[in-house]
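In the two complexes that follow, subunit A is the common piece, with subunit B as its partner first and subunit C second.
The block that comes next holds the complex of A and B.
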C-alpha cells in the first residue's frame, strides 16, 4: 500500500483535519443491522409454528417472485439494462432443475442428480444462458432490448411445446423432485420433527427452504451491489464513457449483469417448480400462465413498485403483485382465485387494478418506489 | 514512500486524427505532456479538445496517429485498461451518480485497482472486504484532501455544484494517476472559486508530482498555472508553446477574437471566451 500514499497532503481551506480520515461508520451503525438480521432470522425460523399452512404457501410464492424480481431489479435498476425476459429464465430454471433432478424414463429425460447438485447446476446453467444473450444485450438499448428479451418468453413457450420430453407433455406439466439434503427432506409429509409441539411438515419445511434461499439471494445481491460490482454497474447505467475511463469494461459488465439476473431467475424457477411440485404447463399459452408474458410483466411491475434497483423493494413488490391474488381469497374466505363469471372483482382483477394504480402513483410521486418511501420513513424517524 | 516518486512518464499525442463521418474533430494533432508539468489544451468551442481527451482515454478510436505513455502505446489498448496505466480523468459535464454517496462515487476510481466479482462481494469474503476497507480509507483520505470529508455519506446529487466538481476530481485522483486529465474544471465557477481551483490544481501537481493535462476556457486560470499550452482551432493545432508566447501569438488571438487583433491580450480573450461559455 505504501506506493499509494500521499505524503503530507496540505490542508485545503475546508479540511478539518482533526479526526483520522476513515470511511467507516460508527460501531453502533455497524452493529444495529446485525441485531436486525438476528431478529429477522429468528422470526423466519418461528414463522411456520404460528402461521397456518395456506399462508405459508402465500409467503413462499411471494419469495419465489421476489427472488426473480431481485435479479431483474439489479439488471434494470443497477446496471441499466432493460429486460422483459425474466419469465423465460424462470422457465429455463424450472426445466433445468427438473431434468437434472428427476429420474429419466421412457417419456421424460432426467438425470436423477441429488437435488443440491441439480439446484447449483441450474443456477449456473441459467447464468450461462443469460451470458449467451450478451451479443444481443450488448448491442441494443432501452425499449429495443426490452422487445428483444421479450422474444425469449415466446422462444420458451415454443421450445416447451416442441420438447415435451424435457418440459412435460402437452398441458400436463411434469413432476419435479422436492429438495432434500442428506439427513433432511424438505418434502417430508409425515414429519417426526416437532417445533413447540407443532409438526414441521412439507409446508413448514418449504417455508424454511424458501426463506433461507431468499435471505441468501438478498445478502449476496446486496453485498455485490454495495461493493465494486454495483459501482461498476451503476457507472455503466449512468454514463458509459465515465465507466470506461474508470476501468469498467462496459460490454463485460453488461453481460455479467444479464448472467446474474438470469441466475436469479433460474433459482426462482426452481422455487416455482417446488411450489407447484412440478412444471406447470409451460406450453399452455404464451400470454397467460406461469411462464407467460403476463408473468414477465408482473415481475417488471414488482421492480417498479419496489423501486428500481432495490432488492428489498423487489420483495415488497412481489408481496403486492404475487401475494395479493393469493391472499385476498384467504382473507375473504372464498377459495377461488379465478371467478368464472368474469364480471366480479376477482382477486386477480383487484391485484391488477392495485398494481396498475400503484405504478401510476409511483411514476408520478415517488420514482424510487416502496424503497423510496421506506427511506423517507426512516429519515422521518431519525429526525 | 511518498508519491513524488510515482513513475511519471511523458504522455505523447502523435499525429492523432479523430473523424465523425465527414467532420474532422481532431486533425493530425501532436503534443507532449512532459512529466510533472501542467499542460493546457485550449481553443474555442468545438475546437476538438474533448474529442482529443476521448482519443487519449480510448473512448474514441483515432482514424490515424497514436497516443503513448512512456513506451506504452495507449491507442488500441482496450479502453477500460487505460485507467490502469495511470490516466485519471475528470469530466466536462458533471458525470456523477447523483443518488450514490460521495464515497461510492469516488470509490469508482478504485475500480481498476481492486479485484473481486459478484460472488466475492456477495459472500463478503474476508480478503475482499479487507481490500474494500483499505481502498475506502484511501478514498476517504483523498476526499479529505479535497475538503469533502464531511460529505462522504451524502448523496452526490445533494451537493453544491462546486462540491460536485471536487467529487469528480477526487474520483479521478482515486485512480492514482500519473497523468491527471481535467476537462474544464472551472466551468460554471465564479472568479474566487476559479482562483481556488487554480491553486488546487497547482498544489496537486506539486504534492503528488504528477502531470496535469487541462482543458479550460478560463484564460486567467490557464495563463496563471500552465507550464505549456497547446491551442486547437477547428481540430488543428495552431500553436504549442509557453504561456507568454501563446498570449502574443497572432493566430491564437485571431482564433479567439474572430479576426480582430487586440493588444490587450489576456483580458480580452477571457471576455470573448466567457461569452462563448454562456452560449454553450
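The block that comes next holds the complex of A and C.
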C-alpha cells in the first residue's frame, strides 16, 4: 500500500477564492430533461386513447414488474446486496394492502381503510419488513445473503398457506378493492369520462394509475441514487472496510437499501393485486406462480438484462421478461397456449429460453446490460 | 418409537442425496469460486437423457448414460462459458449459471411435456423392506449406501491422490498453486466433472415416488433446490460440511413433514439455515473471510 502512496502524492486543492468546484451546466442541458419529461408525461397521458385495452393490460403488467425490479436493481446494483427475496415482498405488499383495504368479515381479517391510506400503509410496512431483515442481511455477504433471502420466499409461501384469513385460500383467494381517491374511481367507469371521444374504462384508468406510480417510483429512486443515500450504497458495494473508515455505517446502509428495495416490492405487490382486478391469491406451488421462486429469479433476470443498478434498464428488462409471455399470444393472434402434445413452444417457454440466453450473453459480452448497450449506442451517434 | 426411527432413516436417506448434490456444489465452488445455480439442471439433464434411453438399453445402461451426460454437460458449461468469461466477477458468473439453469429447465420441461410422469428408480422405488419391526422403503437404504460409498471414495481421493492435493492447493491459493506447476484449467474442469457426476447419480434417487413424489423427474429440479441450503449450512468452502449439511437438511425436512405437515418440512429447512447463518455467517464449517485493510 505504501508504494501507491508515494506514487500519488496528495493532491493540493486547486480551488481558490469562491470558484465553484463543478462547472455550471448550460441552460440547454438543464432544460432538455424537463422537456423530455413533459413529452413523456403527455405520451403516457394520451396512450390509453390510442392503445387498445389488452395491450394496456400488458403495459400495466410490465410496469408492476418494473417497479419491483427497480427496487431490486438498486439493492443489487447500487448497494451490492445480492437478494433473491423480492417475490416475498410482492406477496407481503399484496397481502398487507388486501388486509388494510378490504372489509373484514367472519372469514377474513380486514380493516376497510380508504385505498390511498392502505397503499401508503403497505409501502411503509413493506419497508419496515425489509429493515427488519437487517439482523441477517447485515451479517451476511454475497451468495450467503442470496440464499438467505431466498428463504423468505419459502417462508412467505408457507405463511400464506397457514394464514388464509389474511392471504385468502390458495384455491380461490380473496378480493381487495381497486384504487380510488375521493371523486375518482380507478377501477370502475364512475364518473363517466371521455378523452378525445374515447371512453376511459377500467383498463385505461388503470394504465394512468400504474404509469403515475411508475414515474414517481423512478423519480424517487433516481433521487436516492444521485444523492447522499446512493453514495453511501456505492461505498458499501465497492468496499465495506473502506466505507467504514470513511464514516459510512455499513449495517445502516444495508438496512436502508433493503428497506427501500422492499418498499418498492410492496408497491409492486399492490399493483399486482390491482392488475388481477383486486384478486389476492397465494401460489399453489412454491416454484411456480405469482410470488414463487420463479418470479424471484425472473425479477433478478430483469435487473441483469437491464443492467444492474439502472432504473430504466429494470423497466426494459421487465418489458422482456414480464411483457413477452403476454405480448406473444397477442402478436400471433392465437389463444392457444397449451398444445395437445404438451411439447410446444408456448409463450412462457419462449420467454424463459430468451431470457436465459440473454443472461448468459450479457454476462459474457456486456456486463452493463441493456443500459450499457444504450450508452454505447449514444456514444456511437455522438461521435 | 418405530415411526421416529423410520423417519430418521428416511431423513438420512434423503439427506444423503442432498449431500451428494451439495458436495458437488461445494467442489465446484472451491475450485472456481463460482456458485453453480445450474446444479439442479445438471441432475435434470442427466435424468432426462437416462429416461429417454431407459426402455431401449435397460436401467443400468441408463444410469451410465445419465451420469456421464450430466458430467459432460458440466464440463461443457465450464469449458465453453465459465472459463471464457474471465473478466466477469464471481457474482456475475453465479448469475450466468441462473441463466443456464433457466434454459435447461425450460427446455427439458417442455420436452417432457404433459406425458406420464417419468421415474428413474426402477430397482428400488416403492419397494419396502422389513427390518425387524421397521418397514423402510428401499430407496432410502440404497441412497444411503450409495452415498456412503461415494463419500468415502471422494474423501480418499481428496486426501490421498495428487488430484486431491491439486484441488486443495488451488482452493487455498490459486496463484501460488499455478506457480507450483498446477494447471488451473485442469483442476477447475475436473471439479465441474465431479460435480456433474454426483448430480447425475443423485437424480436417480430424486426422480422416484419415495423422494421426488408423484411427478417424478419433473419435481427433481425443485427437490434439488434444498441442496443450496445444505451447502450453505455446512459452509460453502467445506466438503465435510456439505455432507453434514445435507444430512441436517434431510433430517429437518423429514421430521418437519412427519410431525407438523409436508409444507412445514420444506420451510423448516430454510428456517434452520437462517438460524445457522445468524450464529455463524459462513456456515458451520465454512472459512471465515477476513478482510485486510
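Going forward, the second predicted complex is superposed on the first by the 346 of 383 C-alpha atoms of A that agree within 3 Å, B and C clash if a C-alpha of one lies under 4 Å from a C-alpha of the other, contacts with A are read in each partner's own complex, and residues count from 1 in each chain.
Here, contacts are C-beta pairs under 8 Å (C-beta built on N, C-alpha and C of every residue); 3 or more make two chains touch, one makes a residue touch a chain.
On a predicted model such as this, the values are computed, not experimentally measured, just so you know.
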*Touch check for A:245: first (subunit B), second (subunit C), both, or neither?*
both
*Determine, under the contact definition given at the top, whether A:364 touches first (subunit B), second (subunit C), both, or neither.*
second
_Contacts for A:235 in the overlay, against subunit B (first) and subunit C (second): which applies, first, second, both or neither?_
first
*asked:* So in the superposed three-chain picture, is A:224 touching just subunit B, just subunit C, both, or none of them (first/second/both/neither)?
replied: first
*Partner chain in contact with A:297 - subunit B first, subunit C second, else both or neither*: second
_On the A-aligned overlay, A:203 touches which partner chain: subunit B = first, subunit C = second, or both, or neither?_
neither
*Can A:330 be said to touch subunit B (first), subunit C (second), both, or neither?*
neither
*Name the contact category of A:134: first (subunit B only), second (subunit C only), both, or neither.*
neither
*Touching both subunit B and subunit C, residues of subunit A*: 241-242, 245
*Over in the complex, which subunit A residues touch subunit B? Could you list them?*
1-10, 12-17, 21-25, 219-221, 223-224, 226-232, 234-235, 238-239, 241-250, 252, 256, 260
*Would you tell me which residues of subunit C are touching subunit A in their complex?*
35, 81, 84-85, 87-88, 90-96, 98-103, 105-107, 109-115, 221-222, 225, 228-229, 232, 236, 263-264, 266-267, 269-271, 273-274, 277-278, 281-283, 289, 291, 293
*Footprint of subunit A on subunit B - complex, ascending*: 1-6, 54, 57-59, 78-84, 87, 89, 91, 95, 97, 100, 103-104, 107-114, 116-119, 121-124, 128, 132-134, 136-150, 152-153, 171, 175-176, 196, 200, 203, 207-208
_subunit A to subunit C touching residues, read off their complex_ = 82, 135-136, 139-144, 146-148, 150-151, 154-155, 157-158, 161-162, 240-242, 245, 286-287, 293, 297, 300-301, 304, 341-346, 349, 352-353, 355-360, 363-364, 367
